[in-house]
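Below are two complexes that have chain A in common, paired first with chain B and then with chain C.
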Partner chain A sequence: MMDKEMLTQIIQQVVAELVQEGQSKAPGGPAPQKEPARTQPPQEEEGCLPDITEIDIREQYLVEHPEHGEAYADLKRNAPCRLGIGKAGTRYKTLPQLEFRAAHSAAQDAVFSDVGDDVIEGQGLFIVKSQCDSKDTYLTRPDLGRKLSREGAQTVRERCKKNPTVQIFVSDGLSSAAVTANIPDLLPSLLQGLQNHRIEVGTPFFVRYGRVGVMDEVSEITGAEVTCVLIGERPGLITAESMSAYIAYRATVGMPEARRTVVSNIHRNGTNPAEAGAHIADVIGLVLEKKASGTDLKL
Partner chain B sequence: MGGSVTHEEILSVGVDIGTSTTQLIFSRLTIENRASSYAAPRIQIVKKEVVHRSQIYFTPLRSSTEIDAEAVKKILQKEYASAGIQPKDVKTGAVIITGETARKQNANQVLEALASLAGDFVVATAGPDLESVLSARGAGTDQLSQDQRLTMANLDVGGGTTNIGVFEKGKLTGVCCLDIGGRLIRVENGRIAYVYHKIQKLAQSHGIQLGVGDRADPELLGRVCGLMADQLAQALHCRQADGFHRALYTNDGKSLPENPPIQGITYSGGVADCIYNKMEGDPFRYGDVGVLLGQAIRENKDLAKLRLFHPAETIRATVVGAGTHTTEVSGSTIHYVNGRLPVKNVPVLKVSQEDEASLETLREAIRRQLPLYQPEGRAEQIALAFSGKGYTRFAQIQGLAAAITEGMGEVIHSGYPLIVVVEADIGKVLGNAINLLLDFKKDVICIDGIRTQAGDYVDIGEPVAEGHVVPVVVKTLIFNS
Partner chain C sequence: MILKTKLFGHVYEFKSIREVMAKANEEKSGDKLAGIAAESAEERVAAKVVLANLTLNDLRNSPAVPYEEDEVTRIIQDDVNETIFREFQNMTVAEFREWLLDSNTTSEMIRRASRGITSEIVAGVCKLMSNLDLICGAKKIQVTAHCNTTIGLPGTFSSRLQPNHTTDDPKGILASAMEGFSYGCGDAVLGLNPVDDSVESVARILKMFDEFKNKWEIPTQICVLAHVTTQIAAAEKMGAPLDLVFQSIAGSQMGNEAFGLTGEMLAEGRAAVLSRGTSTGPNVMYFETGQGSELSSEAHNGWDQVTMEARCYGFAKRYQPFLVNTVVGFIGPEYLYDSKQVTRAGLEDHFMGKLTGVPMGCDACYTNHMKTDQNDIENLATLLVAAGCTYLMSIPEGDDCMLMYQCTGYHEIPTLRELFGLRPIPEFDRWLEKMGFSENGKLTSKAGDASVFLSR
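Coming up: the complex of A and B.
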């Protein structure tokens, strides 16, 4: 067995070389890393691994001796997809393989980590829980994620304004990373948008371990005309920071899923969260005007 | 609001009043929401289709310095009737005055009058740079250069000018305009009836004397056309520019950048057909040197080195460009007030990339430039424009809103709406922020997805696609001399 130090050195060197190689082959791509690790003496422990998650896969083109490399690279700029990344025999090259695993890890982290209290409190939200007591319960018991805990329900009853026109709340759902990344822009923009429409808003709060369906109970407790949850979406390999707004008119526990209106793909490379908040306010305005949501509402 | 707008068709008109010909086309622009119904809308023009082409008329002139406005008006009315289209059906489009006609005394008035006759949101426009872009797009050179992955130039060789637009793989990289055209020497009854002074001097610089009343010698005039073709090759940097070259740019305009080098070429305009096809018979059958110029361009050795392609349109390239390529749609999440649109011919106060780097410099740049847009000392309708790319966070946008309201004080106190045009997708949130800062007391129009330059004018139409977007026409300076 190699010792840990040696292993770290080898990984460090290989990754650095790969990143170097990968980037220098991307036509018109970003400039190579400033400080390639290979110039460092191998016994040194300092320095840092190049962060492979920093690579923009739209700019990455790794096919060797391509027939129409430039054209392919231009096409790739349109969408973040794992194409044109070359191969070694029948397998991925090492760099794309590592990038893929890094993306997968980011997705897992987004699911399994918690939104920090500071992020939530920074938005002036209080915290309640669903009936899940941990992430494990959350993942294995979706039904519990749709119900507020007894204390949670009590807190909402006590602290939230009764019968508001619109009740907004935030929930981690399947991506805490999404909440952390977007809520500081999305929530204030939504509130400002509603103010612009002169629509009255109830007391916003945060639900830990929440599923979309928990909005039905929130709606029943607060008596809101419209309920809107801003919730982290199941992460993918392109972004772990995507979130959605689900909106329902007079939501009730047990109502059909088709009664929810959704605005999805809110993240910095999708719909910019600040602009999305303003858009959601308009959608809520329409829901109020038509007194309908989901498939009952033509957007 | 959200997604399920399937599609909507809007009718657009293009009218081109050129040096020799006046034409009109109607086209249908299809706009569609490209986003799924689960996401914020993304409405785009997805199809452009010409549905009616007019006959090609000689441009009616009352004298050598005046356009016959009444006669042009009649042409328009006749063509609307034959297409079965009412001006009220026309949602957008452009009337463009091009080439030598733009130099006529009453060009501006004619343009404005015709624009309102053609439809509510049909805009008047002119200027050699814009014409170069429109004719090249009308010729389809942008698409060809993208498909062929080449840097391509379109030369729209008309009666009075040659407009050149260059695209590198579909992206515009340069335009220019030269006083070279088929009607700059006119021939009547075998004699020279008119010579444009620059062409006379060009000939003179090569020892050829041209005078009105001289016998029209095909061989001699062919040589003069050869000199003109040679100047075109110089404009494309296929040949070293001679001492005379600079003088031929229309209104002393700029030349093309040397890079990227041009690889392919298309020709449009009235002379194009004489370039692609060998014309037999009387070279002066059109009463000018168009046929000879076409032949000279075809035979030019420097131009022949470029790969030659066929355009989608020849003589109609400019009018097709005006009718189908002037209108864009704004971003799909924007802020506006019902009843304040359309607005037309609004000058753009552009804050440079450099100045928008900080809120202080942005505010100061607005304050510094504002007086330039108030020649009479009082507020006039203007549109504030900048990219907004560095301002995507909510907190930054609030700062931006404050800087704008501080900088635009005079406009805010006037009766005009506050118009803001940005590139970054922040139109709705920025509009909301400004609206609240001004306490609902001011009509705010804040649109995004539109790029402008200093000196542009902007027209903003009434909302379409269920109110999600507005049609926008960005125009470069009208009559730059």
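Coming up: the complex of A and C.
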């Protein structure tokens, strides 16, 4: 357990340094901010209660006077679930109830808040909208989230390099938190990875209220050979910051969903964003080589 | 047949029963997405007025998908008892609603009527019911079924134990199953949604469940919720024990095709368990449904999600299921937007299932992109138990780490039982007492201690 954590930390550090070194040469993107270390135990601060979101639910065991407590504490480490939480009458104890509410609050905020303009512009991206005019429309009209607004399409037409080898763009999707948490590391690392492969990249931008399918229109407008969207996934209670990359070779509006290649589970406790960027660059390299994506491409 | 009415002097005229049925629905984002919802609150009521005055015969003659084109329609229409239908055919939907709610109309009378009506009739009367009507209508209808034990007996309320895991890790699954049983959950079924739906993996988990059930002599059913053909293959090729065969179903042939499913596959699945399974039967099928799935696969033929959902139950009934539940909030806000819509849909689905004559449960749940939270789902669970809901789901603190949604937790099941004076299935109740987890229908201090199962 400890070995794996240390290893992850070391890899993270090395990759972060590599990314930072190469970054100054990449177009349009500022240097990534370093992520705060997450592996340290919660700090006890005077005059401040400990952060309940730092509790590891695999380790937490609140059952009073268990018959074979050690054996069960051991067994439950195999499940990332809210087990061994005891009870108050037939109801929940207060602490696990608050932990649950905290996790859900993060998920709700990730969905229902917007990514700040400063975060997007900080990455050197310009902003266009889908045909949704609000978060509510976005959530109830997936069809509108798959199309660019008229002004949005016009902006992409005017500002993006024509017929690039790869067109990258970012979208909030179902988690604004995923964009804020991952993009500062993910985007530079991906651009650097593509540069290492000597793959030409178009002008990156941001789509507000976007669904995955909006990449098909982006592909048609820019004439890119490969289109890749980095988009926030529907949050769970384990993490609200999960992001995926959807990649398609010569995407067209109305093409089958099966033609998309997905790299998922990008977040600090899954595939960390800096590593994921390098991996996505490799996948794009393969897509270009095979001239195919999705089920047409065997990874 | 009159499709026109006035409201506040304004004339509302509808083109078809399909339009009336869609516009008579309570507000749902899915009907709006389909472009078939009422355009104003008044138009909604006008549609209800027109619907109230249609006869059951009118609705029978207007199936959502034509008989010639659709297997689900054929199954529903062919299974109607014509003698019973003739007794009801001239009733208006308004009269049928009042007959169902009448104090002199018993469960037996409704169960008999169920055999003479189609799913469009079930959906039609549902649209005229208020939420409390749906609760009190459903509460009257008793539906029991037998697999290894009998579900749906008066005075009982059951639960599915759902020990889902992000990687199907056997130890993690067992840890969750043990804890669920220690809270009195799992008398309906111990059922896993697998991550890996290969034949080998499904067979491995079924064997593990069977072993655990036998070792601790737990009077219940086991199931792994893979595709019907995978479960049969697990039994035939790997000797996996099958108590129940699971399948997700839809309300039209095209919707079922999106699940890779035909009626024949269900008949084969049922025959496989009856001839080679580990359970007593005769009810050996487990189905899941949910409003909106037909629209999401563009298989709704322009009809509303309540009617398409009712047709799932009509289809399910053919295969004499042991369990049927709607997964009511799983599909997302484009179909059910917020807690109000999920609550309504949960009560509708439960009522329609019972009126169809299937042992109806509910996965009262929500995803994180809906305007709903755990309080709302606790409310819905309470309303459902008041309505006599056969079973609910149970997972650790309502948080499913694998499906990434939230529903009812292990703690909710005993809480609701004690609130409403209900018990688990009798054999299971006795087993809980034997294990020391409950006494006289109340949890003991030992309940919730899953480590009891690690004594040997």
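A few notes on this one:
The criterion applied here is as follows: the second predicted complex is superposed on the first by the 233 of 299 C-alpha atoms of A that agree within 3 Å, B and C clash if a C-alpha of one lies under 4 Å from a C-alpha of the other, contacts with A are read in each partner's own complex, and residues count from 1 in each chain.
Just so we're on the same page, a residue touches a chain if its C-beta (ideal position, glycine included) is under 8 Å from a C-beta of that chain, and two chains touch if they have at least 3 such contacts.
None of these values were measured; they are calculated from a predicted model.
By the touch criterion defined above, A:P184 reaches chain B but does not reach chain C. Touch criterion met: A:P96 reaches chain C, while chain B stays clear of it.
By the document's definition of touching, of the two partners only chain B reaches A:N265; chain C does not. Once the two complexes are overlaid on the shared chain, A:A71 sits against chain B and chain C alike.
Once the two complexes are laid over each other on the shared chain, residue contacts for A:R250 go to neither chain B nor chain C.
In the superposed model, A:R234 lies in contact with chain C only, and not with chain B. Note on chain A: of its two partners chain C and chain B, the one contacting more of its residues is C. On chain A, the patch touched by chain B and the patch touched by chain C overlap at residues 71. Listed in rising order, the residues of chain B touching chain A in the complex are 1-4, 37-40, 149, 169, 333, 335, 392-395, 397, 424-429, 431-433, 435-436. Within the complex formed with chain A, the residues of chain C that make contact are 29, 32-33, 165-166, 169, 171-176, 178-179, 183, 332-334, 337, 367-369, 373-374, 395-399, 401, 404-406, 409, 411, 414-415, 418, 443, 447-452, 454-455.
Chain contact summary for the complex, chain A toward chain C: residues 63, 65-69, 71-72, 75-76, 78-87, 90-92, 96, 100-101, 103-104, 107-108, 110-111, 139-143, 174, 234-238, 240. By the touch criterion stated above, chain A contacts chain B in their complex at residues 70-71, 74, 184-186, 188-189, 192-193, 195-196, 244, 261-265, 268, 270-279, 281-283, 286, 298-299.
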